[in-house]
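Below you'll find the structures, each written out as structure tokens.
Across the two complexes that follow, chain A remains constant while its partner is chain B and subsequently chain C.
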Partner chain A sequence: MKSTFFLLPLAAIAIQGGAAYAATYLSVEQAQALMFPGASFQPDFKTLSEAQVKAIQHASGVDVRNREVKAWRVSTGGWFLVDEVVGKHEYIPFALALDDKGRVRSVEILEYREAYGGQIREPAWRAQFQGKDSGTRLQLGRNIRNISGATLSCKHITDGVQRLLVTYEIALKQNDR
Partner chain B sequence: MTDQPRVPVRTRAPLPKTSVSSRKRRDKPRCPLLAKLLVGMLLLCLSPAALHADEPLFGFSYTTDLLPKGKVELEQWSTTRFHKAPGGQFWLQENRTEQEYGFSDRLQLAIYETYDSTAAYHNGPFGETTPAEQFSYYTPGPNDRFNATKFIGVSGEAIYRLVSPYTHPLGFAIYEEPTFGAGFIESESKLIFQKNYRDDRLVLAANMTYAPEWRRLREDENPSRKEIQEETDANIDLGASYRFIRNWSAAFEIFNEREFNSYNFTHESNSGYYLGPTLHYAGKNFFVTTNFDEQMPWAGRHVDTVPGALVGGRIIDNDFEKYRVRVKFGWYF
Partner chain C sequence: MIVERTQPWLGTYVSIRVEGLDAVEANSAITAAFEHTAIVHRLMSFHEADSDVTRLNREGTLRAVTVHPSTFAVLQWAQRFASLSHGCFDISVGAELVEWGLLPSPCGSVTSPSGSWRDIELLPKGQVLFHRPLWIDLGGIAKGYAVDKAIECLLERGAEHCVVNAGGDIRVQGNRTELIRLQVESPGTAAVVELTNGSVASSCGWQRKRCIGGKLRGPHLDGADRTTSWTDRFVCVVADHCVVADALTKVVMAQGAQSANLLRQFGATAHVFDPGGGWMHLPAREDAG
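Now for the complex of A and B:
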């Protein structure tokens, strides 16, 4: 064997594609302005009770890692929520905008710190959540399209949206009445 | 356990461990190899190109996680194996440089080179100096101090994922790895299973390995002639990894390595059980995986076990030792 085999890694690198790097895309304030233009926001943070955690986990099928719910009531109607889901190595913070009936208006990725999988920021992928509510069981590969190469991030964002939709139903909705 | 009476039989050349690869030879070791490797690493670090990685959570077990299509990763493995017969001296340093490429989102291809160093003295059955399997072409005297460094061989690796654990209840992939060295060929096949829990932070992995190999060695009865000896490794690896904090995972593995002087699981020669912890860190640009395993005193005698190779319930034939330490580095700039 020739020691020139050591050059093979370099040759492979020469033909590779580009990279995705960790980045902060939106602050909470920027996300609020983007998702509810012209609205004002009133914080309505909550700590979930044990019973609420169990109910959310049962209804969504997703673990509740954090009992603190970061939610803002929106002056024009609806809710603005910020949460994070598990990424490959880091957490992925995201924002969810709900209309006054608890349906998804939009989803925004606030930060993405992973080496790859950042395709979840593609507008077409995030748009799949629009109109979904807690009565819809979100499932990657069924009613939410997967992105090859970003499967883990797609799955966890899907689960995160599902969990927040159910959280709204169980812990926030009564505040609207 | 008690060994059988001493019989002048040479340890038959068996084979590698589980997943990893300690492959075969080439004569004159070239010192510049290491220098070239280091230069290659340096160039990689300076390269403006970007790498992407899918890092190993375990020291030995594989998962179904693959590189995304078009992504490339460089890995450097270092495995140190040491301690055989009590009172003897033995260490084996296995080095592996690997380049992985995501051919598609389901198929990952890799090529790697293996180059090893070893020292042995009164380490084998009945306290005889016995080279590690990769160096079994050498026949040192029973009281010689044996040292060697070799370029072992080149391996290709293909992993095809049929089912992802992120979209199905159980992940499943198949693995094939041919290895070519001087006087040595091996074909290593695996079935890889993966089950995830708790937001995919808890990962369970199971591997089943079947690896026949053919090695051209001196005949036991007539050392002036060479013959092809076949051997098959059959391994089972089980591992559990948990990401206990961002970037950090801790794992525990247990695996059983078996060797047969046949292709059909007859004429079993050796069986060793290893277990140990793994600590894994993965950041934006690199990962490090460190693993320690100890052979448990659970080995027994089999129909083709070399006399003297079973000591204190542990097998010390030329592909087994008491301790293993493995470190893997991966870069994805």
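Now for the complex of A and C:
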């Protein structure tokens, strides 16, 4: 193990893409291939009626912000859904795989932004730090891709999955029969 | 090729990044690593009715309860940290966290807890017995353990470089250094740790602190006297294993400079920020050995 602690002036860090460092993990097609290997996908998008929205909100306890349901029927059984939730900073798109009984198979976050990342941009910056290697410099242009601090809660996603499970019961399940 | 994915587990976002494998191998390794994370999530949740933790909290005083080898391994780590920290790290603080509204009441437990880590007996064959009613919570150690398990899985599958980040509990393994920003309100500056082949975990009290019974309470307890640790302190611990970094943040939070000896035993270092007091680094340079 080797570690060095640095204190950088905030001016030495360029924040990319506005206030956050965004990582795109998977396209919809990549998520489909990972979550249901070898299957084919039939789009079966729905628009929820006012009554369905109310029923889903009542049963899940979660607001329905978007009446469009992006759902794909899976050739090997089950459903693939794409939705998004409002996180602390941004919208977080995610994919949900349901098995043929409507149970959660897996969840993948498709894109995620975490605040306070960035890139080291000050040239030849001799960082202030307290450590043993007093000659250490941080290299220009290196990305800070990891954040350690207050743990972000994934409650938004948990709520979003709960809402989609109820959406399945109310708007998708009858199509399976 | 770099492949990175994120899934929600352990109450937070778990990101896994793999380099040095082709896309199919990388995705297969990441999927397998997430399966390990899912197992830890299911076994060690305080909330889920059929987790090992809930079964222990419900039945641990009635009979010896057989738990999964991973749960047993975490309990062994927890007891080791409890002993070495003289009870400052104590997983039996669940009762206080429930009382202060930081955890929900556990499922099906009718007895009110009264003991400490000393009342937990680890028996042969993966069995655990409580000598007094206890509510254990593994929230202060399970994430770090899960990160270690995920890293082991990725290395077994041939990853050259991999990073697992469970809500800020991070382990980096491989041939490159990673920059990790510490999310701390330190005016005008950014704190960054450059890390090779090691782990980082951080804790801060101020986000979840609340006033209960006229006293300021936070999620970090000193197990020895059951008081809330310094709620405005930020602590980052760097260690080889993430389970060590995760657990030791709680001890450093409570003990500050007094935790230097314990850090030294694990070859760990800590970076502590107290608003008004600035940064403190442990063990201090002159006694770093």
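By our rule, the second predicted complex is superposed on the first by the 118 of 177 C-alpha atoms of A that agree within 3 Å, B and C clash if a C-alpha of one lies under 4 Å from a C-alpha of the other, contacts with A are read in each partner's own complex, and residues count from 1 in each chain.
As a working rule, a residue touches a chain if its C-beta (ideal position, glycine included) is under 8 Å from a C-beta of that chain, and two chains touch if they have at least 3 such contacts.
Source: prediction; values computed, not measured.
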First (chain B), second (chain C), both or neither touched by A:28: neither
Partner chain in contact with A:64 - chain B first, chain C second, else both or neither: neither
Which of chain B and chain C A:148 touches, first, second, both or neither: both
Contacts of A:39 with chain B and chain C, given as first, second, both or neither: neither
First (chain B), second (chain C), both or neither touched by A:140: first
Chain B versus chain C as contact partner of A:108, first or second or both or neither: second
Which superposed partner A:86 touches (first chain B, second chain C, both, neither): first
Set intersection of chain A contacts, chain C complex versus chain B complex: 1, 3, 5-10, 12-13, 116-117, 146, 148-152, 155
Contact set on chain C toward chain A in their complex: 4-9, 11-13, 15, 17, 27, 31, 143, 163, 165, 167-170, 172, 177-184, 186, 188-198, 200-202, 204, 207, 234, 236, 238-240, 267, 269, 271, 279, 281, 285, 288
Residue numbers on chain B that touch chain A, as the complex places them: 26, 30, 32-33, 36-37, 40, 43-44, 47, 49-53, 68-72, 74, 97, 99, 101-102, 105, 111, 113, 151, 153-154, 164, 166-167, 181-182, 198-201, 243, 246-247, 282-285, 332-333
In the complex with chain B, residue positions of chain A that touch it: 1, 3, 5-10, 12-14, 16-19, 21-22, 63, 65, 85-86, 88-91, 113-117, 140-141, 146, 148-152, 155-156, 159
Contact set on chain A toward chain C in their complex: 1-10, 12-13, 23, 25-26, 34, 106-109, 112, 116-118, 120, 127, 130-132, 136, 138, 142-155, 157-158
